[in-house]
Amino acid sequence: MDLSVPPDITFVVLTTITLLAAILALQAKELIYGAISLGISFIGIAGFFVSLDAPYLGMLQIAVYVGAVVVLILFTIMLVRREEADKEEAGEGGEGAAGLWIAGLLAVSIAGVAALAGPNLPISPPATNLPISQLGPVLTGTYPVPLIILALLLSGALLGALVLAKIDR
Amino acid sequence: MNLPTTPAELLPFIIAVVTSHTFITLVIFPGFIHLTVVVMFLTWYERKLLARIQLRIGPLYAGGPGGILQPIADGVKLIFKEVMIPYKADKPLFLGIPLALVFLGALPFAVIPFGQHWVIANLDVGLVFIFAVTSLFPSMILIFAWASNSKYPFLGGLRSLFQQVAYEIPMWISALSVVMLAGSLNLVQIVTAQQRIWFIVPAFLSFIVFFIATMAELERLPFDLPEAEPELVAGWYTESSGAVFMVIFLALYMKLYLMSSLITVLFLGGWWGPAFLPQPVWFILKALVVATFMIIPRGVYPRLRVDLLIKVGWTRLLIIALANVFITVALLSTGVLSAWGL
Amino acid sequence: MSAALLGIGIYGLSVKRNAIRILFSVELIVNAANLNFIAFARYMNPPHVSGQVIVFYSIAAAAMEAAVGLALILVAFRLNSSIDVRKLNKLKG
Amino acid sequence: MALNPWLLIVIWGVILIVLTGPMLTLPMFWSRRKPDQFRDMPFESGQVPQGEARKRLVMQYYPYLLMFVVFDVVAMFLFAWGISFTSIPASDSFPVLVFLILLGAPLGYALKMALRRENW
């Protein structure tokens, strides 16, 4: 039974989900809805990772972004919640259009470069899978120093966030 | 096998699909029907067991031996009850989140191997997949609590969030030693590696940590603060009624079964057992035993205070789990376990 | 695809006034970059795992950035009782 | 016939949506729909609810959440290392252990901060 999904369909579906959710994340009236659609957008990106032979990273994406960061965002939204904070920002008109123009130009130019360069990229056959067990050795064997630096970064971020969030009395 | 082109080919095609292993795994055995039956059985089983502990009789009149048809009666009753949506509640979220909870509770069953060939999707990153999916629960619960626009759910949801967040990390890190022992994240391979010895022996400490963390994740007594009846009525699902309640209830028992299955896979040797019973039977029996041990404390223990609970999670369990990683490193590198082929 | 995501992110960054939404935008931009890393690692010949490792670090860094950013938002909110970045232009709280 | 496991998971998800969706959408058809101010009131033990339910939260447990985000990442790193622990040389595991020890210090500090209730 030939039930393998052509990669194009996967791509189209995931793109639609991700982009719509991303737009909604920025435009939703309620911040809570924004956070939820941000989560959906992240899940879409995780789907991309999976379809690009990086399932472990896809799972990492879901666990870290959707599981942790979105919870943090939700909690912060609820912490800073005020009636004003919920209202959609007024007076976006002129600047909104300008922002749209900048963003649009940038996206189109990048897409243009990609479209020009795209056909020249060597497309490797999909048969060569990247096993997840390869990730560990490369992580620890090839890049040990970034790992230590990352530990310092994590420590620094944790301490910094704690000190920032502390109430001075 | 090709897709049918003429109507005459349709019937053989359907028969071929329905009898294919994939279809059976998806719909019947580790799939939907099996899940529904076991989850319904668990709701009855918990009530009956608790009743016995407390010298009561429990469900009796719904039919079958010991009122085993009680879940069906409950389901019919709840479906036809009125769904009350609280004033000013966020309606789409209030109705959508329970469905999402059931979905998330049932989705990880796709990667749990109930037997050597009884698994829906033999995923290479199965364990991490389960963790990724279960890590979505806290945010769902928080959103649901927020959506119902009522104070009890909100407080319960917050407690639930912090509890699950506090116990998720010890749970993962204690599972790490199993992963190190098996050298794989694929649940089928993890079980295969336990053919000679169940991982509960070399990783006993992490089994304890994992079990406690699981109990906390499931919000079962003594960790059931989010739904502490005297204080918070029913916690984050106080406002749910009728079908919404039924769906949430289903999701909770789904998660109970999921976690028992996960413990079975990680520590209790999955489907391995003497050959006089088929593999899936062994698996389900083990999972039910684990579930029993999770239910029993509900009849026995009081509950903790919320800040103590979170404190225990972060200070004790996390430290033990991290220490356990070092122990496993030591065990593996000194080769003590080589007798079992590890 | 990645470019469009980046575009949305930059749009949000330049237009929105709510600090939390700005954080959303930053996350989207980081994710667009991650996606490119993965895609290029995948289409290299032969496929190489380094791209994935970089994304590994990138996700970690972005999560930390979100944590610190949200803590900053909290502080700003506590000092000014507003999370509108256009009201946060004073150096004195 | 070996299907891609991810495709199987997608199929499983679709089955779940199709079969569990009706549990909540069908009852909506026969459930009462007319809004009723008193019956739809949030449950507060028979009292009339007062004030806003979606209050601003307390800060008290915020540090735990921060710790969660950090250790989420750490756990994922450890998993990547753990799967290949037996197959990599012991010297390669050394950075990971250093990594863990380095993280012990902020963990201790965060716990100390989080346990001191008067800070929040």
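Just so it is clear, A, B, C and D label the chains in written order, and each chain counts residues from 1 on its own.
To be clear about the criterion, contacts are C-beta pairs under 8 Å (C-beta built on N, C-alpha and C of every residue); 3 or more make two chains touch, one makes a residue touch a chain.
Owing to the predicted nature of the structure, the values given are computational and were not obtained by experimental measurement.
Two chain pairs, C-D and B-D, are compared here, and B-D has more C-beta pairs in contact (counted per touch definition above). Rounded to whole angstrom, the centroid-to-centroid distance between subunit C and subunit D, based on C-alpha atoms, equals 21 Å. Centres computed as Cα averages put subunit A at a distance of 17 Å from subunit D. Look at where the CA atoms of subunit B average out and do the same for subunit C: the two points lie 34 Å apart.
The set of subunit D residues touching two or more other chains comprises 1, 3, 6, 54, 57, 59, 62, 65-70, 72-73, 76-77, 80, 82-85, 87, 93, 107.
Shared interface positions of subunit A, i.e. residues touching 2 or more other chains, are given as 1, 55-56, 60, 63-64, 67-69, 71-72, 75, 78-80, 82, 132-135, 139, 150, 154, 157-158, 161-162, 165, 167.
Shown for subunit B are the residues in touch with two or more other chains, namely 1, 20, 123-124, 128-129, 135, 146, 165, 183-185. Chain contact topology: the protein chains form a pattern that is neither a line, a ring, a star nor a complete graph. Chain contact summary for the complex, subunit D toward subunit A: residues 1, 3-4, 6-7, 54, 56-57, 59, 62-63, 65-70, 72-74, 76-77, 80-85, 87-89, 92-96, 98-99, 102-103, 105-107, 109-110, 113, 118-120. Within the complex formed with subunit C, the subunit D residues making contact are 59, 62, 66, 69-70, 72-73, 77, 80. Against subunit C, in their complex, subunit A makes its touches with residues 11, 15, 18-19, 22-23, 25-26, 31, 34-35, 38, 41-42, 45, 48-49, 52-54, 56-57, 60-61, 64-65, 68-69, 72-73, 76-77, 79-80, 82, 84-85, 89, 92, 95-96, 98-100, 102-104, 106-108, 110-111, 114, 121-124, 128, 130, 134-135, 138-139, 142-143, 146, 150, 153-154, 157-158, 160-162, 164-165, 167. Across the complex, subunit C meets subunit D through its residues 56, 59-60, 63-64, 66-67, 71, 74. Across the complex, subunit D is touched by residues 1, 20, 22, 26-27, 31-32, 79-80, 82-87, 95, 98-99, 102-103, 106-107, 109-111, 120-124, 127-129, 135, 146, 148-152, 154, 158, 162, 165-166, 168-169, 172-173, 176-177, 179-180, 183-185, 233, 238-239, 242-244, 246-247, 250, 307, 310-311, 314-315, 318, 322, 325-326, 329, 332-333 of subunit B.
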